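Structure record follows, encoded as structure tokens.
In order of appearance the chains are A, B and C, and numbering begins at 1 in each one.
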Amino acid sequence: MRRGSSGEGALWLCAGAAAACLAAIVALLVWLGAAGLAPFWPAPIVEIGLADGHTLLGEVAERRGSTLVIRGSERERIGGAYARIEADAIVSRDTPRDAFAVTLSDGRRIFGRGDPPAADALLRSIPGANASAPAEWPNAHGLFGRMGTFLRDAGRFLVASTMAPSLAGGAFPALVGTVVLVFLMSLIVMPFGVATAVYLHERRGFAASLVRSAIANLAGVPSIVYGVLGLGLFVHGIGADVDRWFFADRLPVPTFGSGGLLWAALTLALLTLPVVVVSVEEGLGRIPPGLLAGSLALGATRGETMWRLLLPAARPALLTGLILAIARAAGAVAPLMLVGVVRLAPALPVDGAFPFLHPSRQFMHLGFSVYDAALASPDALRGIPRAYACALLLVIVVVALNLAAIVLRNRLRERYRVLEG
Amino acid sequence: MPGNPVTYAPLLTEGQSPSVAVRRRRERAGNAFVVAGAAVVLVALLAIPLFLGASILAWLPLPEGAWSRLGILIAGSAKAATCALLLAVPLALAAAIFSAQFASQGFRSWLKPGLEILEAIPTVVLGLVAFATLSPWLKHNVATLLALIVAIPVLLLAAGFAFGGAFRRQVGWLPLWLAPVLLAVVVAMIAVLGPLQKDAIVPPSPWNAVLVGLALGLAAIPMMFSVAEDALMQMPSTHVQAALALGATRWQAIRSIVLPAARPGLIAAFALGASRCLGETMIVLMASGNTPIGDPNPLAGLRSISADLALGMPEAAPPGGAYRTLLLAALVLFVLTFVLNLLAERARAHVRRTHAAPALA
Amino acid sequence: MATTMTAPDNVPGTAAVTVELPAGVEIALELRALSLWYGARQALDAVGFGVPARKITALIGPSASGKSSLLRCLNRLNDELPECRVEGEVLLGGTNIYAKDAIVHEVRRRIGMVFQKPNPFPLSVYENVAYGPRLLGVKGRRELDASVEGALKAVRLWDEVSARLDDSALALSLGQQQRLVIARALAVGPEILLMDEPASALDPAATLRFEELLHELAQRYTVLLVTHNMQQAARVSDYVAFLHQGRLVEFGDTDALLTNPRERLTEDYITGRYA
């Protein structure tokens, strides 16, 4: 039976392709997890003795082949105390138990040796330095101590503010900005998406097919083009007009004439509209027609049937659409770069001052933080690990949302199998 | 009706009941809202080209050198998309063939969510991995990459001939076993070849089209896979069974019957993938170097339309020359992706029509 | 003394169909030369008869004779199909339900419908029955409770579900679901109930209970019932209308028509000479 083997090779190629895809996904996720969590694992403080007699006290920032980069005390500016050492220049290497590290309020790291009074003295010797947290002695910790520090630092990343101008510190403002943006977007996209889906469900005819192909084409437009529309039409167009009519006293400082939360939410709403429409229409289509007939036979109008019976019955589909739209918005960075996202916002878009939500403010976004930390960080050796940490957080949120949507979709199928059965 | 009295009250007609009027008004408002929603969608689709076109027309003539810059950008986008498709098309197509024709139901229920997760990962994250991790490695390991590209398919073919018979039974789950083996082989080759070929081929730029192709290709696979798989599964299994009964091998049946019949769907998958690759911004922004040179060397940098828009628009002020050029670039990008999407929709509609007909009979 | 209903002479293509009703029988719904087209295909041809009030009328005939289409004309459900065209009149309380200014949802409120396969909404038992009253603007909890309880009692379902009002309606048995659907229709206060083969999805025991319910319902409501089952028609109905290929062939008292049909077509159908 040699005949069969002429196809075996091709079969294995195809299987190999599928295997490669799976392997790539797994490898990517594992790498993201490792690179994203690594920055929080407390690094030991090392004391390096060099051939020329100097000693360096600091932490290992990077290890590339046989070259070591050590971050020493950043007395002047952040990123200003790196030393690149070749392996063969190292005479001694030690992790002294009394070595401590202090993180300043602008993200700088200061290292020294001694006990707490010595740490205070060192701190006072640096002009204008405030500690953002008490000094720490990482080398004295055992495994459990290190795990505790790891959890604490990871937690702090989620709730602490970002430090200016170094972008060290937490991702809380970026998280808040992303959440508020997505919330505003949902308020805009859901009514229009549901309305369009209802329209497509009820009408046939030329207009309906036009709308349907419009949806299909909108889905394929690159996200950056939406950004251009947002910038050109909303910001420079409508925004400038709004400024002239309502905020003329503040000109030339723009209120709505520059990028901000409102325009970004509008732009993203346009971007995610097809996702919502497709999901809701599919959900409405799954409802058995007997329900519509039953409702009409009771004397309900079509509109009443839709509002009181069909849309509530399609609630899982509405939720799925919303979740997928949110997941898409969390990951769409390109259009936001044009309509209002900034590296470091002076204030959160929500605060205690009326009207509590400020749609003209600029905001931070988790996805943009990834890009910004990687490419535009003042300190590249801090930027990349930070980018990975933000990326891991973003991926966790997005994947969780997508999994929720998958579970909901399955529950939807079950529910309608019961109805029809 | 002679002599038979009617017992029920007369039917209510218009104007006789206020509550009916309320319901009528609510119904009309609801209808208006629904139509308004649909109208917004239409307006939105039209708004993009209309706005772009109108702005450009209003501010003609275009500045000096706009068209030549546009030419470079188009070339850059094309270069990035080509490299990405070179990776994505074979992988997506082969995986789709496997999933549609050979995979067991169980394996398919792992593959589909797996690829959905890949599709969900924001492209900025893929761009990060390309920029921060892949680029430093690729700078010194171009020859290793080439070796991998050649060696893996050859190894797979050889393994197929050698072990094919033994695994005939478990073909349905084959990729699950292959995946770790594949990873191990790749890691081993990288570790062994790395020091041997270090800097044998030096790319002109550490951020180049090959890097973009790797990341962007991976990002484009899920969508192309699902469209291709749909196309390949349209063919009723009876035709394939008939071919097998006539003595063809499974692979011959696929090549002669399934693939030709699925051609419109596969074209749609390709068009959609190309459209996605042309329009992608973050990966290109982070991994291409954004150098506006027209160098066809895949190891040299590029600047794509989307990256130029992302970098240039925040700075450009209307109605300056830079702003107008960028609007033109946006319009070109929109038209390119629109045409590709239209092609794909046409192809898919064609598929729906040809496969709907038999059902009516 | 017999009263005859005849189709108007000036309607083309119709022979006068003699409909005999005892004097003094009240007519709830009067059909006059009702014709129905689905696109180019004619489904009903000048059907004319009166549905006697507070009696059960069975609509029988071979498949594709237009029975279900006729039913759907009577509550204007056919309006939902875009290619449907209706000619003729259907009089409820003296007013034509197809009049230009007739309110469709009022028609459907007064002429309720029960479908072949029970179609309870994916809501609780309570909410299913309260659906109609809510539409009509009933908001108060006590009024809704009263409507729900009244309707469920009228279909003899109250005792079975009063403890499970908040459970999903889909958890009930098919027989209970069919009765629930009737309760739902009763809750809006109809006068006429249209039923399209309502017991065909039920097992024999449930069917029997259903037929007992029909007798009770007929004391207050007019019932027009489509059935394929001759024995059921005989058991349950007071009057029978026989439809064949969209035309009314014969109409009369059940016992009289089934034992002694006047038309040849009717006799052939009853004796089973064709399905």
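The definition used in the following text is that a contact is a pair of C-beta atoms (placed from the backbone, for glycine too) under 8 Å apart; a residue touches a chain by one contact, two chains touch by 3 or more.
Owing to the predicted nature of the structure, the values given are computational and were not obtained by experimental measurement.
The chains in contact with chain B as well as with chain C are A. The interface with the greater number of C-beta contacts, when A-C is set against A-B, is A-B. A comparison of C-alpha centroids places B closest to the centre of the full protein.
Here the CA centre of chain B is 54 Å from the CA centre of chain C. Distance between chain centres (mean CA atoms), chain A to chain C: 60 Å.
Spacing of chain A relative to chain B, judged by their CA centroids, is 22 angstrom. Contact of a single residue of chain C with at least two other chains is seen at positions 105-107, 136.
Shared interface positions of chain B, i.e. residues touching 2 or more other chains, are given as 23.
Shared interface positions of chain A, defined as residues touching 2 or more other chains, are 301, 304. On the chain C side of its complex with chain A, the touching residues are 75, 77, 80, 82, 105-109, 112-113, 115, 117, 119-122, 131-132, 134-136, 170, 181, 184-185, 188.
Residue ranges on chain B touching chain C, taken from their complex, read 1-15, 17, 19-20, 23.
Of all residues in chain C, only 3, 5, 21, 23-28, 30, 50, 53, 91-95, 97, 99, 101-103, 105-107, 110, 136-137, 191 touch chain B in the complex they form. On the chain A side of its complex with chain C, the touching residues are 204, 288, 290-291, 293-301, 304, 308-309, 313, 415, 418-419. Contact residues on chain B toward chain A in their complex (touch as defined above): 23, 26-27, 30-31, 33-38, 40-42, 44-45, 47-48, 51-52, 55, 90-95, 97-99, 102-103, 110-111, 113-118, 120-129, 131-133, 136, 152-153, 156-161, 164-165, 168, 171, 174-176, 178-180, 182-183, 218, 221, 225, 249-252, 272, 275, 278-282, 285-286, 306, 309-310, 313-314, 318, 326-327, 330, 333-334, 337-338, 340-342, 344-345.
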